[in-house]
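Down below is the structure, laid out as structure tokens.
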Amino acid sequence: MALLQVDKVTKRFGGLVANHEVSFQVGQNEVVGLIGPNGAGKTTLFNCIAGFHQVTSGSVVFDEQDITALSDFQVARLGLARTFQIFQASGDLKVVENVMVGSFMRTSSRGAARRAALEAMDFLGIADTAGEMMTELPVAAQKRVALATALAGDPKLLLLDEVGAGLNPSEIDGLIELLQRIHGERGVALLLTEHVLEMVMKLSHRVIVLESGRKIAEGEPAQVVKDPEVVRAYLGDHYVKRQKENGDA
Amino acid sequence: MEELGIQILKSAVSGLIMGLVFALVALGLTVIFGVMDIVNFAHGEFLMVGMYTSLLTSPLLGVDPVLTLPLAGLVGAVLGVLCYFGLIRFLLRGPMIAQLFGTFGLMIFLRNLALLFMGSEPRIVHEGWLVGKSILVGPGVVLESTKLAAAVLSLFSFAVVWWFINRTKVGKAITATSLDAEGARYMGISTEYMNALAWAVGGASVGVAGGLLVNFWPVEPGVGLLFTMIAFATVALGGFGSVRGALVAGIIIGFIVNLPPVWDAILRSIDAAGLRGLEIHSFKYTMVYAVYFLIMVLRPQGLFGWKQ
Amino acid sequence: MRKIALKAAIGLLAVMLVPAMAWAAPKEIKIGVIYPLTGPAAAAGRELRAGAELAAEIANQVMPGINMDMAKNAGIKSLGGAKLTLIIKDHQGNPQLGADLAKKLILDDKVVGILGCYYSSVTKTVSAVCERYGVPMINGSSTSPTLTKRGFKWFWRTTPHDKWFTKDLFEFLVGLTKGRAKGVKAVPMAEINTLAAACEKTEWGSNVAIEIKNFAKEYGFNLASNILYAAKSPDLSSEVQSMIAAKPGAMLFASYTSDALLMIKTLKSMKAKPKIIWGQDAGFDKPEFVALGDDIVGILTRSVFLPSVVKMKPLSGQVNELYVKMMGHDLGGASARSFTGLQTWVYVLEKAGSTEPKAIQAACNTISIPGAQLVVPWVGIKFSTKGEEIGQNVLGGGLIGQYQKQKDGKIGLEVVYPFDIATAPMVYPFQGY
Amino acid sequence: MEAVKNAFDFGDMPRSELGLAAAALAFLLWFPAMPHSSFGMATMIQFLMFSLYGMGWNLIGGYGGQVDLGKAQYVGIGAYTTAVMMIRWDVPFWFSMPVGMALAVGYSFIIGYPLFRLKGHYFAIATIATSLVLKDLFEVWDFVGGARGLELPLKGDFPNWLYLQFREDYYYYYILLGMLLVGLIYMNGFRHSRLGYQLRAIKDNEHVARSLGIDVHWSKIKAYAMATAYVAMVGSFHACYNFNIEPEDTMSLDLSVLIAMMAMLGGAGSMWGPIIGAAILVPMKNYLGSWLGGQAGFAGMDLAMYGLIIMIIAAAQPRGVYGIVEAMRARRR
């Protein structure tokens, strides 16, 4: 049984169709990439899975439980965590306290929450920033705090939305290594969207491609990038034609 | 039963008129909110400034109070721009709580400045084209000329603002700013200029409203609060930032506050002895707030609002 | 920056720690006076303050031109000519602040007693403080009936209260139907039998509303509409519509100034035509109201002092002359009552011959000041000591005045009730708008 | 047990702050023994009352970021419960105060549920609306005396601990100071509780908070109810201290605004903020106000200055006076 089962999910905003009958699965301990050009409906799909949007039709099953009608916080409690593109820095809380908010999902004890938070931070190599304020951290470290906060809630599946945005290549390498450790050592399944295709290709076992709200391809990373549909979706008809002319396809 | 019919007519007419007056007062508030998501708690004080402007300048210039309306509008606009550059610009950087806090400060400041210079006694305009005149429009339906003029001005102002926002280039720039300030900036629209313009327009509209209202209402430093609460309810009910919403909500509130005479007429016509003691005039504003609260709970973005 | 903050903090501390210094000047009697000098009633506060100050001035020196016992000697004779010192405080209309100021006066300034406070709500909290500390308080200008129903041992009130005033109104209405009003033939009862009242929804207004309701029943009037409206309301047209729809002979109001102005303007715009419009003082007795001019001719208001009283009471004229010199205008309801309140303090101290609270208490409970001594047209001052009301002056009385156009073209108040002291023929019916 | 430990754990506060707090506490404990004017004492009592009101406001407004402009309605519920129970059934203060708190909390749950469907300005204005509705109802409700208000009967023998009737103000002072200490320790516990952390996360970003499994709506309602308890407690005290209550002075918009102002001025979202705000504003109101208005004849000048100060602080440092102190400390480091 797959960990996450998305079945014919459709989401409409008024007349606008953001997702149309998208179906896919994420298995236990699997890393799946979700890619597509801007406006393909990746973030909307994430929001539907995480319960932030209610789907127009279709169903979402997580860990053998139908979560289609659940609210986002209920979904989160079941072990489906997510990170956001923008992680708003807190003015009031120290770094460790921010991470504790994540661990409070599993415990009501301050001591236990603190231990879990420090453990997650240690795992991600940011234990030394515990006493600082969020605003004082560089972007890369803030991303790690966001990851630590999500991990502190002990999730089974982590949805990562553009987690590499705003980072330089060496930072991205670090992030890739980190995500591999999260996946490998903690056994957390990952579902990620990313602009940085390189990262998706390196990490994912499987890639799903969205275009205009529809799934147009699914498969192993190496295969998917060769799919003419996908290339057209990403680079436009013109580019595909030229590639054909050049005989590169 | 005939009495009831007449009373319903009377209440409907005065409800409509009063509703337009409320909407007029609320117009500036909703324009400012629409552009920059800020609630100006000092809005009523702008009204007070407009009222004092007309009251003081009309004998000074030796003209009828109605003729000083452009001046009241000008003073309101200048005050709005001053407030924007002196205070609001800085508040926009902070969280919502700081904005509330800052405009509260402005409210207290302006009100007490007026108290310091004008004293606490209410003042009225004694002579003028509109003062003390009323028009008989139907069987027993009398309209106070100041209120009627304010209602006409209200419709006119709403039409102008609607035209300005939807049909002019600057207005479209304002709309763009309100939808997406950052995007507008990329398109070469100066948000700073747009914001200042919104404060000028908002200040001018409420200044003119004040200049007109002083022909009927007594003015004192605390007069703003009477109208501010109604203006807030109007704007929130209509949906913050919605010009059309403010007009509709103002009229709804106008009808609500004119319900009690209808209720009294119903009691008289059915002669319900058991209900005689039920006096609902004291609940006039309670009903406004209760209706506001109910509608907001059912529709949290207001009747015509798009932002939350 | 920090130094300034530090200095400010020290300064503040110093102010708060000012020791309770009471230098014992032998020939000085301190009376604490608490009035609303700022806030919405600031104008009334000025009058109240001036009234009390004038009374103190008269008591403290020999004033041969004035026919009053207290003008005959300087200071309190029985206390060796000790002079009165007023310590005046501003309660801003805030009951909590009033109570705090009362404590300050009692504990820090060591006043002998307190005079105040105009607003009934403030008088309530201040008198509760006085009661706790056993310090006498004389009230000259709060008209809530409940004040003297609490059985307080340290509280006396010279002015009549709203129950009396409302009773006066109904006595007046009945008298009107019997042809007792000066210059008016007997009015058929049917013409004024129906009443409509609008009172503001405050401590004062709702008390008046209850009195009107009770007396209407007692005197057999039909109170067709008894509205409590939100004070400082932006619109009164629905209230006025309901009142007009009740087709009343008399419209009765309890409103403060801005509401009173708006009410008259709304009545006018709706072309109301009642036979009588009566106001319960407050907003109906202010210069801004008088400035409405022709619109108020014929309107009645209750009061305890009207400038026209001067015509029949020489003493009032003498005091009024001094008051005009001081303030530039005539004595009014507020100033005359404040004057009388402090005057009562002088007579009580004279009788007590001591500043001991117990002695003052005894003097208050037994004092009797004849009406000839007073500026206000009362029978005198004598406080009830038993029964339902404790500490209420039983010899007071109210007036009903009517705004009339006088010979010089100005609008002024003439006494129309009590009927036997009417200063001018009454205008009846009200002209209508 | 951990909750108790958390409440007394001040370890996360800077040393300097704790030192100042200890000094302030020593001053407050000592104050009645020092030579002081009775007006100073009355001012101190008001300072303590507004500190507690402000702490209640801060719990939901500061930590939760929900700007509440209707706190006065809970002052009213507390005050009226105590007054009605004492007048009608002769119930002592110490019994009616918890009842008042319970009623206020119950009521806050009922209106909190719909209220927190609203956000931002809509929420702020809706709190004003509910507060005004309640005040309007009390003004015509005869059972609670309507607009005429209620007056508490004097029991006579002083000091009366049961009914909280004293002649000297220092009794009231120490009772309030006790309440303040309990309130502070409870607040410290709240800061360290799960709800406390979650509420601050909600203030930062509701979406993130929800993704961390926080039931945002319910958390706000719970915090609102706790905030209510503070305000209602002092409301009950107010009735006994003032002996007379009216809807106008216990439930007015002015009071709500004043409460919010003091907390915001001192620093919303910090533990000391409301106390700092009250310490600045209450003496200013009482001393500067009565001096400028009463003696100097410049009515309005004090409040105009006050408005100016508020504007400057709001523009310069949205986190209030405490924010200024914090910024200065950060710069020195």
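For clarity, chains are labelled A, B, C and D in written order, and residue numbers in each chain start from 1.
As a working rule, contacts are C-beta pairs under 8 Å (C-beta built on N, C-alpha and C of every residue); 3 or more make two chains touch, one makes a residue touch a chain.
All values reported here derive from a predicted model rather than from experimental measurement.
Set side by side, C-D and A-D show the greater C-beta contact count at C-D. Chain centres here are C-alpha means, and the one lying farthest from chain A is C.
Separating the centre of chain A from that of chain B, both taken as means of CA atoms, is a distance of 48 Å.
Centre-to-centre separation between chain C and chain D, using Cα means, comes to 36 Å. Per-chain Cα centroids separate chain A from chain C by 75 Å.
Taking the mean of the C-alpha atoms as each chain's centre, chain A and chain D sit 43 Å apart. Those residues of chain C in touch with two or more other chains are numbered 38-39, 42, 201, 228, 230. Shared contact sites, meaning residues of chain A that touch two or more other chains, are absent.
Looking at chain B, one finds that residues 120, 225, 282, 285 touch two or more other chains. Annotation, chain-chain contacts: A-D, B-C, B-D, C-D (touch as defined at the top). Listed in rising order, the residues of chain C touching chain D in the complex are 12, 15-20, 37-39, 42, 88-90, 92, 94-97, 99-101, 103-104, 106-108, 121, 124-125, 128, 131-133, 144, 146, 150, 201-203, 205-207, 228, 230. For chain A in complex with chain D, the touching residues are 50, 52, 71-74, 76-77, 81-84, 87-93, 97-98, 100-102, 104-105, 108-111, 113, 149-150, 153. For chain B in complex with chain D, the residues that touch the partner chain are 33, 39, 87, 90-91, 93-102, 104-116, 120, 221, 225, 229, 232-233, 236, 240, 282-283, 285-286, 289-290, 292-293, 296-297, 300-302, 308.
Residues 61, 65, 67, 114-115, 117-122, 124-126, 128-130, 132-133, 136-137, 139-140, 253, 257, 260-261, 264-265, 268, 298-304, 306-311, 313-316, 318 of chain D are the ones touching chain B in the complex. Chain D contributes residues 2, 6, 63, 192-194, 197-198, 200-201, 203-205, 207-216, 269, 319 to its touches with chain A in the complex.
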